[in-house]
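Look for chain A in each of the two complexes below; its partner is chain B in the first and chain C in the second.
The block that comes next holds the complex of A and B.
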């Protein structure tokens, strides 16, 4: 299941790490998460559902969906998709509600950090926010729950569109490395905390207050973090689709599969059905081919392909068919996916009976959109609105990315689903705005002007229409206190 | 319900010749860049890379347009285009030389015989590899096929 030869990524063989799964000894590689190491051993069933004992696998691969919960060294509910595998750890299937072990595992005092600007999330938005704020002179704490920086960039092996200034032609994986280098250059002013999840967010008069948990080798550490300004760049989660069998192991988010193969070098399976022909579906299908995995077809319920034609064309000339006005009817299999039934749909997305077709495949990827992550900011009282074009409930913000709660900023996918290039610009805008509100100013108004005009350019073409409408509605909500449909 | 005007390539992902601006026979003999980028997407590295300014665009969301007379068939745009949408085609006697981007393994060597594929991924017979540029991860490969396939072959299988 390991990818050894890849046209874009150099997957070197790394040091072996042994661990136990349900008491059986297995081997992973340095850099693996528990879920990727299990997958490399062909273990796809990670648990069983509580009531009906249905098998469960992972879905999102980025710590957002909870479908990969397992018990690790007696601690239940561990998100195995973002937890690195360690020598001799004991990983158990968790088939009943998790119970904390009797032994006291937290006996450390809470630590406290005071800082000017806290940034939650180190994806393209968070990284650029940190750099922009540090350039202005502010001191920054950059937090991410993953064990590496870069957010979704670290899996994007394709080259970006855009102009030279927006790093067009660079691959996301290269961009993550470049941005990280810059963060290191600013080490005087940017403090980085990885493997740290922000779990609470409280409003203060002058400063806001965050509660975070850092995973350490000798147990977890609780932090109280006080920041004058907080920038939330937590990204988005992948959408599920309702169909019989959608809970079978082997039904994965397309981004989850992208993470598994491009970050950890593990194949999700041998033959894939892709559901959704937006850019994520098209790009991940092409990347599956690059990893040596067969893609049976792409089905898309809409009458036309939603992603860029150039991405569709790359896939078509490799011989992968794209079926528009088609969708998945069901997935079947005993313990994991063994096949799927696809069906033609009418103009109202209703299945047309008699058009069913059976496909044998071991993996089904869902690329049916993303939903902004807003759980944290809701806690602090940030106003959210349901805006379809922005991907669901989003935080309402002004043109400096500040929300209705003073001192709380938002950027990237959390403020409306778009892409990496716009996430970077929004992050920069939020970083500069937060720094200027603290009194820093190094040509700040010029930087902000440039960001706003770059965003305008990105959102002005026909493909920018949906995010543009989304952002216009957000602006309306901010000014007028709501939308009337 | 409103009648939707959906272009065929928006349904299939496959362009037909009629979607493209075509060079004259003389321009083909000289060798030209064929840009198969037909939607207004925010992108312009092709414009920036061309050493003779043969590709033009009003603004970044505009369609790239190649001036077939200016183009010197230098191939630089083939490797830079993030959409892998540019091909250089040159007709020489009864043969066509097609330069295309390639991002798979194995990488062919000069002299290898590979399978030529059209925009649908269907085989169009054998092609001879005449040039391989490996500088970037997106390899730029030139193959030789018969002249009548000049506007059809857009990929290879090694």
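The block that comes next holds the complex of A and C.
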């Protein structure tokens, strides 16, 4: 199930790592997470639901859902999709909640870090925020719960659109490397904490408090982090779609599939049904083909393809049909996906009976949108509003990306679903704004002006309409204290 | 949004468990009921509570209400035709010293006289019931235990009541804010909402922590104060214990949910009243420390969430229920001081009997607003959280 030949990424064989799954010896490769290594060994069922014991498999691949919870070296509820595989670890499927952990924390006492700017999330927005703030002269702590930086950039093998200044023409995977190099150049002012999850975010008078847990080789370490300014750039969660069988192993988020094949070089399956013809659905379908996986078809409930024409055309040239006004009715299979029923839908997205078609496939990919991740900012008391065009509940913010809580900034998908390009500009804007509010100023107003005008350009035109309306509503909410529909 | 009904027999303010239970019972009696909730159902204290139901109290009023409430909870699943998530694993109340024990003995005697199955445990017996407890760590000299106390799911219960109420013709208006109440000749005349006016004879104030503001709309002053209360939940682990463990001295309560999470709360020292919503690190720290002292095996378990809700606290920690003197039709159902969910079945039953049949049981007089006038109050001391 490993990808060996790929037109863009070099997936040559790496050092083997042996581990145990339910007492059986298995092999992964260096760079694998536990879940990707299991997947490469064709283990698709990772857990069972608590109440009805339904099998659950790999879904999001980025630590946002709970279907990959397993017991690792006697520690229960480990998110195996973001935990690197290590020599001789014992991975067990857990019955119900799992045993009590006993040696998870290596130190009794928490460690304290005081810093000017804390950035949560090292995706495109977080990385740019860190660089922009450091360029201004501020000291920055950049935190990410994954074991590598880059967020979702690390799986973007396609070239970005837009102007050259905004890195158009580059692939996400290249961008992540380039930005990481710059972060290293700024190592005097940017401190990086990986494998660290911020679990609490509390408002203070002068400084805000964060509580974080870092996963180290021999256990966990608790941190109390005090920051004058906090930039939240923790991205988004993939949306689920309601249909019978949607929890079967083999039903993935499109992002989860992208992570599995483009980051870890593991094939999700042999034959895929893609649900959703927005840019994500179209791009991931093409990437599946590049990895040597068959895509049966793309179904889209809307009467029109949502993504860019070029992406759709590339797919069609490869012989993948795109069915508009069609959706998935159910997935079926014992223990894992064996097939799906697709159906034509009317103008109200209601299935038209008699139009059902049976498809044989082992993988169903859901590319049905994203929801901003707002849990931390909600906890600290930032005002959120439901804005459909921004992807759901989002934090209201001003034109400097500052929320209604002083010192708390937001950027990227967690401030409204958009593209990696805009996330980077928003990150830069938030980084500069946070730094200038601390008194730093290296041509800051010019940088901010450039960011704002670049955002304007990106959001103009027909494809920028939805995020533009979303951002206008957010601005309106920030000024007026609410929306009346 | 649709046009609202402009006439009703009863308008209930508040879509928590008490409001929805009243909507069900009154509509079942044939009354035309309208319920107004400013958010969604369970958006206030009901949906944020610890979900415990207990009968062990220091005052006779609370004990009586609680015992009868649990009898109703035991039948509720059948009555409403829906699962309410009832689990009776008991409440274990830790006794820390001699004076605690004196109070515990007098409580148990009073509770036994009311027919409750409750007993005093030795430290060894505590560990038989909840093996993960550390008797020395929690400084326990004993405990009281009632096996029929337990848990009920507040969401399932409230929604079961709401659906039953709708079936009987009640109108439940969510995201509908009450902005005023009009009276005429010392009687309730109508309720003004942000969606229009509703003429009615009865208004029930079941608005939880916002009851004080509702009462002010007709010039009634309630002594209630809102207190922020915090609660946390851990990751799921295998089933470890069935009972809810509480201590009046430390204020802690915790239990394990059906799916394996441990859920509990504790007051943070010197908390002042007010509409504060933000969760605090002080709570997380204090709770984690105390929980690890009580149940050391839990000390490596991850907390996955913490949140806040309000207690609507009265000077004696007893609820205010019944009609307000001088305003015919203005009914209070608030001031539960953190116990509104567990007392709701009996309180709403009494109020239904009063509104539908005009019956006034003795307890209604003892829990009326006028009890605070000049008299010395007897405070409920069996309070946690």
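Note that the second predicted complex is superposed on the first by the 476 of 485 C-alpha atoms of A that agree within 3 Å, B and C clash if a C-alpha of one lies under 4 Å from a C-alpha of the other, contacts with A are read in each partner's own complex, and residues count from 1 in each chain.
Everything below uses one rule, namely that contacts are C-beta pairs under 8 Å (C-beta built on N, C-alpha and C of every residue); 3 or more make two chains touch, one makes a residue touch a chain.
Every value quoted in this text rests on a predicted model; they were computed, and no experiment measured them.
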(message) For the overlaid complexes, name the partner, chain B or chain C, with more touching residues on chain A.
(response) B
(message) In the overlaid three-chain picture, which partner chain does A:203 touch, first (chain B) or second (chain C), both, or neither?
(response) second
(message) Is A:100 touching anything from chain B or chain C once the two structures are fitted on A? First, second, both or neither.
(response) second
(request) Check the residue A:304 against both partner chains and state whether it touches chain B (first), chain C (second), both, or neither. (result) first
(message) Once chain A of both complexes is superposed, is A:388 in touch with chain B (first), chain C (second), both, or neither?
(response) neither
(request) Pick one for A:347: touches chain B only (first), chain C only (second), both, or neither. (result) first
(message) Looking at A:211, would you say it contacts chain B, chain C, both, or neither? Reply first, second, both or neither.
(response) second
(request) Considering only touches as defined above, state whether A:184 meets chain B (first), chain C (second), both or neither. (result) neither
(request) Starting from the residues of chain A touching chain B, keep only those that also touch chain C in the other complex, and list them. (result) none
(message) If we count contacts the way the header does, which residues on chain C are in touch with chain A in the complex?
(response) 235-240, 259-261, 277-281, 284, 297-298, 300-303, 306
(request) Note which residues of chain A are touching chain C in the complex, please. (result) 50-51, 76-77, 95-105, 199-200, 202-203, 209, 211, 213, 379-381
(message) Per the contact definition, I'd like the list of chain B residues that touch chain A in the complex.
(response) 1, 4, 6, 9-15, 36-45, 48, 59-61, 80, 82-85, 103-105, 107, 117-122, 137-138, 154-155
(request) Using the touch definition up top, name the residues of chain A that touch chain B in the complex. (result) 5-8, 158-164, 168-169, 171, 277, 289-290, 292, 303-305, 308-320, 322, 324, 347, 421, 457-458, 460-464
